[in-house]
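What follows is a pair of complexes built around chain A, which joins chain B in one and chain C in the other.
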Partner chain A sequence: MSNTLTQLDPNRAWAAYEPSAKRPWNVARAAHLYRRAGFSANWAELQSAVKGGPQATVRGLMADAAHAAASKDDQFESQMNAMGRTMMAGNNPRTLSAWWLYRMRYTPSQLLEKTTLFWHGHFATSAAKVTKAKMMLDQIALLRRGALGEFEPTVRAISRDPAMLVWLDSTSNRKIRPNENYARELMELFCLGIGNYTETDIKQMARAFTGWEVRKGKFVFNRWQHDTGSKSFLGASGEFDGDDAVRIVLEQPAASRFIASKLVRYFVSDEPALPDRLVEPLAKQLRENGFVIGPVVERILSSDLFFSEHVAARKVRSPVDLGIGLLRALEGATDMYQLAQSLDQVGQAVMYPPNVKGWDGGRAWISSSRLLGRANLVGALTVGGRAKFAGGGLHTLARKHNVSGPADTVDWLLDLLVATPVPRAVRGELVSLLQGRGDEGKNLARVVSAIGALPEFQLA
Partner chain B sequence: MKRSLRHLTLPLAALLLVGLLVPATRAADKSPAQMMPATTLFYVELDDPTKLYQTLLDHPLYKRVMELPDVKAAIENNPELDGLKQAVSVFEQQMGMPWRQALDGVTSKGVALGIDMANKGGVLLARGKDAATVNKFRDTVVQFAQQAAEDQGNANAIEQAEYRGITAHKLGEAYVATVGDLMIVTSNGKLGQHVIDAHLGGDAFSLADDSDFKAALASKRKGVTGWAYLKVRTLRDLGVAGDLLRPKNEDPGAEFLLGGVLNALRQAPFLTAEINVNKNDLRLSVGMPHDASKLSKSRQFFFAPSDANGSAPKPLKPDGTMLSISTYRNIAQFWRASPDLFNEQEAAKLAQADQQLSMFFGGRDFGNDILASLEPRFQFIVARQTFNTKGDRPIPAIKLPAFALVMETSKPELMHPYMQVAFTSSVSLVNLGASMQGYPMLMPNNAKRGKATLFSADYLTLPEDKGKKDAHMVYNFTPTMSLHGKHIVLASTRHIAEQVTDLILADKADETVQANTLIEIDPRIASMALRDNKEHLIADSMLKKGNDRATATREVDLLLTALQYIRGADLKLVPDDKTLRVELGLQFDYEK
Partner chain C sequence: MTTTRRNFLKHSLGTSALVSLTPAVPALFLNTSAHAAAARRTSDNILVVVQLSGGNDGINTVIPHGDDVYHRSRNVTRYQANQVLKIDSYHGLHPQMTGFKSLYDEGQLAIVQGVGYPNPNRSHFESMDIWHTAKPTGEGRVAGRETGWIGRYLDAQRAAAKSPKNDDELAALHLGAGRLPLALAADKTRVPTVTDLTAFKLQTRNDGALRRTIESATRFDRGSDNDLLSYVQHSTVNALASSAQVQDALRQYSTPIAYPQSPLGQQLRTVAQLIEAGMSTRVYYVSLGGFDTHATQRNAHAALLKTLSDAVAAFTKDMAHHGHDKRVITMSFTEFGRRVKENASAGTDHGAANPLFLVGGGVKAGLIGKHPSMTDLDQGDLKFHTDFRAIYATLLKQWLGLPNPEAVLGGKFGPAKVLG
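And then the complex of A and B:
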């Protein structure tokens, strides 16, 4: 593999990763895969992944996602859906945040949930304005159904989604005064990106969505308010409606590049942004295969580039990745209401993205106060005793996996939790901390808390 | 203690002989209160701990709960308990007897605990079967702690000190010493010295000499399981619980419910508590001196004037009643006294509410006309609600219990029309909000039931909600008002309103109970109401504890089962000329 991203050969970059003596398939790479494709793996999952090999592990993640998205009688899915309906009865979207975090923590299909979270940030809709728990729950279900499937049906469905229409003030869109919000965001934020449309395109496309309304929490098409006249946008003319608008937008060459770039940024690297020529093969795959998301994600996660030094530890962990990742890696259980609050304090309240652009991500996750908040969050879960691990303290978890001795325990924790090697001196300090006087469980909690404050821990 | 005692070692060594010469019988005569300092803030004593252990640990209910498969599994599979179980096993081996026998041996003649403000510490005094048993217990505990310290790599962790020939061991933050059959455990060395001095014949002013304590002790009844004393006067002087004991409250709800009790607490020198535990029930009574004649005018709303009948009405109990609150409160007096009872902000809010509520009652003055027409007798009843699963009527996802407020008026001819106006206005207001939110609308109607008139409103079923089993919460309600003579019933459902009206029509509403306030709970019906919402409880437990569904289900089932074992619970507020008592009772049902 070449030394810099700009020099990489796109075909080789997206070719399947093959382990070698120089770049072996090991616990570190398996953990990297789980941190990106999901939130994190526990020790047993890592062992299984190492045994199975990289391609089989990725195929397993894809198969789990397909099963969870398609199966109606899946036990976890039915439990979560029943739980969601129960939470909905109280009509408090805040409880839904906790519910979704719970789902992320326990889902057998991490990839599906991680991708759903991606689309939640992409089609960012906040319960702060929507206020109806049912609308938010329905939108998340929509995003989950389409997370790895065809993109066009998802965009058509989101264009009718009551939560989205409430969020963008499009609950009543009349032909005499078309609401331009949705047309603008469809092109700017959802499908094309800035620079790929004009103000005229927005005004004309807005007419296609007239008559798309929300009444009593449901989408209705009000044909009396729909502008049936001819519209011209993005180089096409006709008596278009909203579905036509979605089709025409996705036919633009910029659409596949825009979505492929966002997927790459989410799964591969925040900075530096991958050059267009590296993204192009993925965009082409989208264009030529009906804009189906799953195969592109699978290609990314299986690729030589994904397991290279250009990608490992090159993303800043989002608060959700940090909190849920810690719990998943350490088999932890905690109060999800509290966790939702804590994640909000460090910048990511699920169901409550800050604006229509969603979370900026990358370096924006990190500021001095947020770093302190992130360390406090890990401290509260470990030293603060807010979480149980494998049903008890951290020593219970260590015993479960037959890990003992200060040096081995620290190495084991670093393998589980940290994406890049920590300096030798830091490792030494962690070992000393574990060797300190006092209760074994408390010392372990102090070590994990200290790991949570390391710069290396902030990376995925 | 070691440091505080070290400088005394030499001079005290000379006194050791004197100390040893003090006759043991003299010390044994002293009660725990005679050994505790007069500055003791809180004191509790158990005269017969053995009986208490037997009652609790041999109770059929305890045995039943411990035999529940989920409890058994939770105890057996909890890794956090493994250390404790191991420790108990080692302790029993070293003592050569089961832990209960050991505990009995060291506490059989009584246990007392005191918290002393002057020394900022606590002391536990336990009088055991005999000196040998107590010493063995102490030695085992010390040996145990020594072993634990050594395991932590700290072989010299257990410090020792002597005072008047008595050795004290420091275990963590506590000092442990024994004198004859008496074991002393304290968090403060000076407090320990005080106890030893008193035990060895010192005549310092003790808690038993304190006039407040003497007065409190005089009220102690014979044979109680446990008795406690709290010197409220000291707490007030220290400014502790300042918010609670402020003359003006910030919370009208708290003032309405507890204002009289808080007022008494502001004046009471002390507070006592008695607990009685036996096989069939547990009763806790907390009392304080209370002079009804000195009650401030602003709080007469809480207790009736001494020449009036200030008792609460006897609770009406329609089918499925799980909670009833019955109380004497003069709400008109409460409303009028608000400037004296509350701070400026709260009083202003109530004044504003007065104006707004007047509009609901056709312009009548809410405080002076409407509330002044109400008798000071109120009941609040909560009953489990059942739903017809066969019809088209939607069943709400969260099944709330029904509730009813029963009031009495001295001017039915004035109140009835204005209550009708208020009911109609409320229905209109709800419909206005519902139409904006897309919720179902209320359809008002009225009907006669015997001589009573019922005004109610049904939520019209939305077409999409027909036959739904997880419908909106509004389907829990059919707001109803029943008017009959002096009785006014405001209810969340027509069914409970009808049932309460039937009891009123059967003349069951005029009886009283000997209490200012009586709260009764039927945990078995509460358990059924919770079971109606089991899915919600499970989901909540999963989110709150991060449990998986199976664990959350087990926890909820355990709670519901545990509630089945309590036949009833009640809380009474009983004032008389000299005292004010709060009595709590729990009745067990272990026959099931």
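And then the complex of A and C:
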């Protein structure tokens, strides 16, 4: 499989997907799009995506994201802001994860939220150290505003972001002893990747960020502590400040490649990793078009490669994808505080990434206890009764969509929940489980619980 | 008192009884056969790795209190000679490390000084990866496919095993909430991560049909060209099997030793439970984070060292109580030390060489090697004189019985004289 992947023509790979007899536009491909561009689609969304066609569906996702990023006063935003203010008053960062999960579950723009989560993993800052709810919320809002926009303003803003500076121990940065941390992470983790700079570059660049401080929770530029002298890094010399440093870093060809390959890994495939030559057209697009993220994401999501067999089910679902995905697909509602705790136990607490590198993703999501924890989480939401679906039990949901008969019901659930077909015999076992004694709602819950333990359910 | 309990377990939990609990998998990871008991020595030894994440300030751990340069370089973070737990006129342990000091006095603590590697990297992730993979940057390391030094050891042992059925899932175990440490990543052997052993089981609320469906539906061969799917499927089958076995092993354990309530203390208590239960797990891996003390480090660092010292001391005592002290070594390491000079934020920045601790009845107790010079520095940092891979090589060969550590470490290192 990876052989054929390396043989793909890069330009064809990113050309628009055209449905064909071999690759029809159907429920499976629509569900794939929603699992990657968002968390998951429910049955009505899948039906309307199938009717609308792939390009219109992707355009719709982009339009929703643009609308959501710009709007401040629609109903959902007002509701989220009110909840956010309540949290800030209590200043309990532990409620932050629940707040964000709620947002992911109910947002009208899955793509914007999914991309914001991408940047959160990229500029990974943990509330465990920041401890101020307001700082964390401000940072997430910054990432959401810039999620699909120009990258450079986002990097400039994140370089002054109080949460980031607290996180990286850079709240006071004096010229006599520059703090190297931010300069290092700016190059290693945020923009270039290891191997594209030297220790001398770090030392020199650290001087450009001197005087960038946080006081009383706000960014201040302390000109007395700023080193105004000439610095030399990445082949440039001058009396640079932090903004110059950001500009020079982003002018490196490595920057566009680094960001493009991270986007590709996030939206397209954990394994196999796409070869550099397949990533290059996207990197080029970033370089030549002002480093704007949205158009590259749109190109990825509407591409021939994205809907091909090469990348279907080639990602491991993150815990958030799994938990929010289950709820969105099955129109479920649950206690978000409890969900946040469960997701933490299987390896992902949003707002609390493990380190500045973020979550590794891919196989790193998988371990024995996490697999058991994932299955137990789905079990708790279904047979454990911790979630409601379409306002009731799973039978309420099935009735709402006129689904009946054991085989049809199992196929319908699999369409909603898994990224790749399960073996015939497994489908048979699920059908038998559904026909067990006891009431319909309980048996449906058992089937979804069993699906939650399947390897197919762990993939996206 | 030492071996009776183990023997009792061996007799009462015979191999066949264990196999019958979970017929789908071999019970080889429980070291229950008479054959295994006869083959003591290195085949019975255990290594417990305690990773200190963030870069521990070694200069304030094994403190050169007899060195003026130390006092001059550390205006805010230093400890005076009368505050440290004195080892000699030059060295002392941090005042909070009373547990380590007792271990030192009892001849159970080896302090290997000046440990590091050439061209030290000062990025947390890169340096930690170097320690985990035992390979410098770029040398045969492929992103996402990297294996660790313990992982490669496990694969080598597995390849050398005579019985092809020796698919020992619990040859090593990671305890903690995070991802599997790269050190344990292997091509063939899958090392489980266990967050909480009591939660380490499939909960089906006594629904036998649901449990049977899950067990059988996950076991079907996927026959797919999707490697990720096969990986997840095998991992799921392993998780179900090993959780059933761990639950069984845990039912037998008691100790009079009071462990600290810290997560590290509780994790080491779990390790003790598993060792006492007779598991044949050879390597246990736990972590303690928070050592990246760039600012106002004094109290935070003291608390961390206390956590480490108390937990390891309780664990070592417990091992002695149960008669395992001669077969368990605890090693603690960190990705790098800190600069000699403190910074302007009452903290310390990323440095290089550092002390490494080995604890247990099998170590060559005392100070090993000289404290690196406080004046002959490498870009402001201590220079190493003992390559960490020499310690790995010694542990692999002399402690864990691997004949050719060269293959695992990609070259000949050591031996270091660190074992008794």
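The rule is simple: the second predicted complex is superposed on the first by the 457 of 460 C-alpha atoms of A that agree within 3 Å, B and C clash if a C-alpha of one lies under 4 Å from a C-alpha of the other, contacts with A are read in each partner's own complex, and residues count from 1 in each chain.
What we mean here is this: contacts are C-beta pairs under 8 Å (C-beta built on N, C-alpha and C of every residue); 3 or more make two chains touch, one makes a residue touch a chain.
Note that the structure is predicted; figures quoted are calculated from it, not measured.
Room for both chain B and chain C is found when the two structures are superposed via chain A, with no clash between them. Applying the stated contact rule after C-alpha superposition, one finds that A:T86 touches chain B and leaves chain C untouched.
In the superposed model, A:R105 lies in contact with chain B only, and not with chain C.
Contacts of A:P455 after superposition on the shared chain: chain C is touched, whereas chain B is not. Of the two partner chains placed by the overlay, neither chain B nor chain C lies in contact with A:V378.
Contacts of A:I259 after superposition on the shared chain: neither chain B nor chain C is touched. Residue contacts after overlaying the shared chain place A:A245 against neither chain B nor chain C. Of the two partner chains, chain C is the only one that A:D360 touches; chain B does not reach it. Centred on chain A, the angle reaching out to chain B and chain C in the chain A superposition, using CA centres, is 80 degrees in steps of 10. When the two complexes are overlaid, the chain among chain B and chain C that reaches more residues of chain A is C.
Look at A:Y337: by the touch rule set out above, it reaches chain B but stays clear of chain C. Closest approach of chain B to chain C, taken over C-alpha atoms in the A-based superposition, is 13 Å.
Overlaid on A, the two complexes show chain B and chain C touching no common residue of chain A. Within the complex formed with chain C, the chain A residues making contact are 1, 169, 171-172, 174, 176-177, 179-181, 184, 188, 194-195, 199, 270-273, 313-316, 344-345, 347, 354-355, 357, 360, 362-373, 375-376, 379-380, 383-384, 420, 422-423, 425-426, 429-430, 432-433, 436, 446, 449-450, 453-456, 458-459.
On the chain C side of its complex with chain A, the touching residues are 122-126, 137-138, 143-144, 174, 177-180, 192-196, 199-205, 207, 209-210, 213-214, 216-218, 220-229, 231-233, 235-236, 238-240, 242-243, 292, 294-295, 343-345, 347, 349-350, 379. Residue ranges on chain A touching chain B, taken from their complex, read 79, 82-83, 85-90, 95, 98-99, 102, 105-106, 215-217, 327, 332-337, 387-388, 391-393, 396, 437-438.
By the touch rule above, chain B contacts chain A in their complex via residues 78-80, 152-154, 396-398, 438, 470, 472-473, 535-536, 539, 542-549.
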